[in-house]
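Structures for review follow.
Below, subunit A partners subunit B and then partners subunit C, in two separate complexes.
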Partner chain A sequence: MNQANLFGALRGPVLLIALGVLFVIDQNGGFSFASTWPALIIVFGLFKLLESLAIKNPVGGAQ
Partner chain B sequence: MTPDMTNSENNAPPPALPAPAPVLGYCRACGVALTTANVRYANGTMYCDAHAPMGTAENPYATAAPPPATPVAASDANPGLAFFLGLIPGVGAIYNAQYGKGLLHVVVFGFLVSMADQRTGPLESLFGFLIPAFIFYMAFEAMHTAKRRVAGLPVDEFSSLAPLGGSGFPVGPVLLIGLGVFALLANLEVISVREMMRWWPVGLIALGGYMLYVRAAGGDKS
Partner chain C sequence: MKRASLIAPLIVIAIGVLFLINNLRPELSVWRLIAGYWPWVLVGWGAIRTVEILYSWQQGQVLPQRGVSGGEWAFIIFLSIFGMGTSAAGRITNWPGDRFNILGWNMVGETYDFPLHGEQSADGVKKIVLENLRGNARLVGGDGNAVKVDGRTIIRALDRATAERANARIPLSLSRQGDVLYIRTSQERWTGQERLSAELDIALPRNVSVECKGRYGDFDVTGITGAVDVDSDNAGVRLNDIGSARIEVRRSDTVRAANVKGTVEVKGRGEDLDLENIAGQVTVDFRYTGDLRFRQLAKPIRFRSDSSEMAMERINGEVRMTRGEIDADDFTGPAKIVVRSRSRDLKLSNFSQSLEIDLDRGDIELRPNRQPMAMIEARTRSGAVTLAMPSKAGFQLSATTKRGEYENEFGAPLTSGPADRGGIIQGTTGAGPKINVSTDRGSLTVLRSTGETSAISPVSPPSAPVAPLPPLPKTLPKVEQQ
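Here is the complex of A and B:
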């Protein structure tokens, strides 16, 4: 398994965790989800960025 | 003591592994490993001697076997239906099984509507005109994609959106992150969208700068 696959496999669970965190903040009187949802886009974009960087220059050699 | 052990170990493997012929595949019927000695080609797949259908030939291309299925099979998509569904934001792309593009269409459409609703002066009417244009763009795009699918041509999901990845620069992820940061800051009222809209020409400058970057980086992109 190369790094790009790793990031692709991590993306779903991490997004779900981030969604849960945002809802916890929403439920407990912090920022409402209506204003924090763009954080999910940022996480998704970060994963796509990591994937493309891992494809371009694989670390560890194992393709 | 150990020499005997090593000798026996050294002697054992050669009979156990008699330089096996490379396995080409496995019989479709019984699953036995196939080598060049016992493989039989039939109907575009491999069988062992016992299970090869009648009338086989050694050469898979000599038989009148059906052609191997192309990765993109011609579908029964209806271009007219795709056009009408394309009038609904995102639905035309969903009909063409392009779910990412459908989501993007919805997001862009919502962005246009909310921008047209921002009371930002002359730009409001610009976005107002962009909305119907985008609706027809989605409809015709869905129709052309459906025609390509009917013809069995490969359909790239984001083919008609932007030349992403052509320059090697991760444009998509960076755009996503930038959009997310912008929306988050706007939602948390760190920045004001209304104030930002005064700076919209900077977007033109950035677009021009990006086009310069692409053309300077790779001469093959025209």
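Here is the complex of A and C:
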């Protein structure tokens, strides 16, 4: 069990939160979801990045 | 054993709570709650799942391969589409929250109709007050000297006996106090679950003023020389050929006033607003989700919504505002348009007197086409700027883009050159006012305008040509009800 697993598991929930936040912003008259959705791709990419970094540097590991 | 996620039971509980609220507190519309807050379900769901994963990571348990499973994502996508639908419906229409009262009383039962009739002389009556909680009313001014009410009460009930009992409790009443005549449908007297509404057709003398109060239903007033005052939670309002108007709606699919001899004041929220041929000052404080149209306003207009502000001295042509655009043609300044946080493209043509524009995001296209030119001060933080200047006018132009392409199609005597990461077009032709336009990011184009309409549709200058704009009044002085 290392951090890569953690980031992999957290990716879904964090994307979900981001999705919700974008819809909240959309509803409250800020930027519309149609223009903010790329943020989801960025979050997804960040998590992929963290995962691969974590695999290369298996710090933490099982506690 | 690995504990199952808390999400599924929480969703089941939430659904139960929603149905319970719907049944116990029918005045809180569950649909409205869902439409307003559904994205928080996604946020909460993600947060709970995050906490669960962090917790099991700390406990050294086996982490799931994926934090949110494929099936869950399918449900989330469904919820998002459904949620966007409800919010869109909530924005656009009068979401009939109570008509969709699932598992409540209103889905069951039948409707029963009862005729309504009332008549009273209106000798010496100066004001008529209509109180109709639910239902539509049409008021028409005429030559007669009596108030005549015709219509029907509609009661939705489980059986006829209940409907009749309810109907007996809410007689139509016409009562007079001094020079005020009250027309009441008294629906608030019935406290049962049954849904009551009244459809009214009212004939009244022309020279009265009218006050309409209601919670849900349209008001339609025509042919009255006095003031019309409408106050409703949810109403479509249509006024035509009246003395003056004051409209306050919390929600509305359409507000329309035409041929008004005095002032018009509109407050509240709604979808569309349409004002045409208004002789008096217009004050609008309205959050809109549809289209706004102002045509032929002889006196100053002050408009304000959640994100924009607009002031003009006179509109001979038309000003149209949609969610994404403001188009104005043929108006007189001094004019000022400010839009915050939202993106709006601005297209203004055929205007005289000074103009001030401040946009956060959006393109600006200006075609003054009128002589003499007046001062223009326009800026957008992000958007293209197009300026079409009359070839023979005198002005001192300074147009800049901090970042973007620039093009001087006007030619000499204007010159262009790079500045910052964008460019500047400037120059003076003859003697004339300052024209300053700028964009922080976006292209800049200065054209030589061809369609010069100054000779075709001359505009009489307003009495005080360059008077500064008075501040936007909080409320108009209320029209004296005589």
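Note that the second predicted complex is superposed on the first by the 60 of 63 C-alpha atoms of A that agree within 3 Å, B and C clash if a C-alpha of one lies under 4 Å from a C-alpha of the other, contacts with A are read in each partner's own complex, and residues count from 1 in each chain.
By definition in this document, a residue touches a chain if its C-beta (ideal position, glycine included) is under 8 Å from a C-beta of that chain, and two chains touch if they have at least 3 such contacts.
Remember, it's a predicted structure, so these values are computed and weren't measured experimentally.
When the two complexes are overlaid on subunit A, subunit B and subunit C sit side by side with no clash. Of the two partner chains placed by superposition, only subunit C is touched by A:Val24; subunit B is not.
A count of residues in subunit A touched by subunit B and by subunit C gives the higher number to C. By the touch criterion stated above, A:Asn5 is placed in contact with subunit C alone, subunit B being left untouched.
On the chain A superposition, the C-alpha centres give an angle at subunit A of 130° between subunit B and subunit C, rounded to a multiple of 10. With chain A fitted onto itself, subunit B and subunit C come no nearer than 7 Å, counting C-alpha atoms only. Subunit A uses no single residue to touch subunit B in one structure and subunit C in the other.
Those residues of subunit A that touch subunit B in the shared complex are 31, 34-42, 44-46, 48-49, 51-53, 56. Listing the residues of subunit A that touch subunit C in their complex gives 1, 5-6, 8-24, 26-27, 29-30, 33, 62-63. Chain contact summary for the complex, subunit B toward subunit A: residues 165, 168, 170, 172-184, 187-188. Those residues of subunit C that touch subunit A in the complex are listed here as 36, 38-47, 49-50, 53-54, 57-58, 60, 62-69, 72-73, 76, 80, 83-84, 87, 306-307, 341-342.
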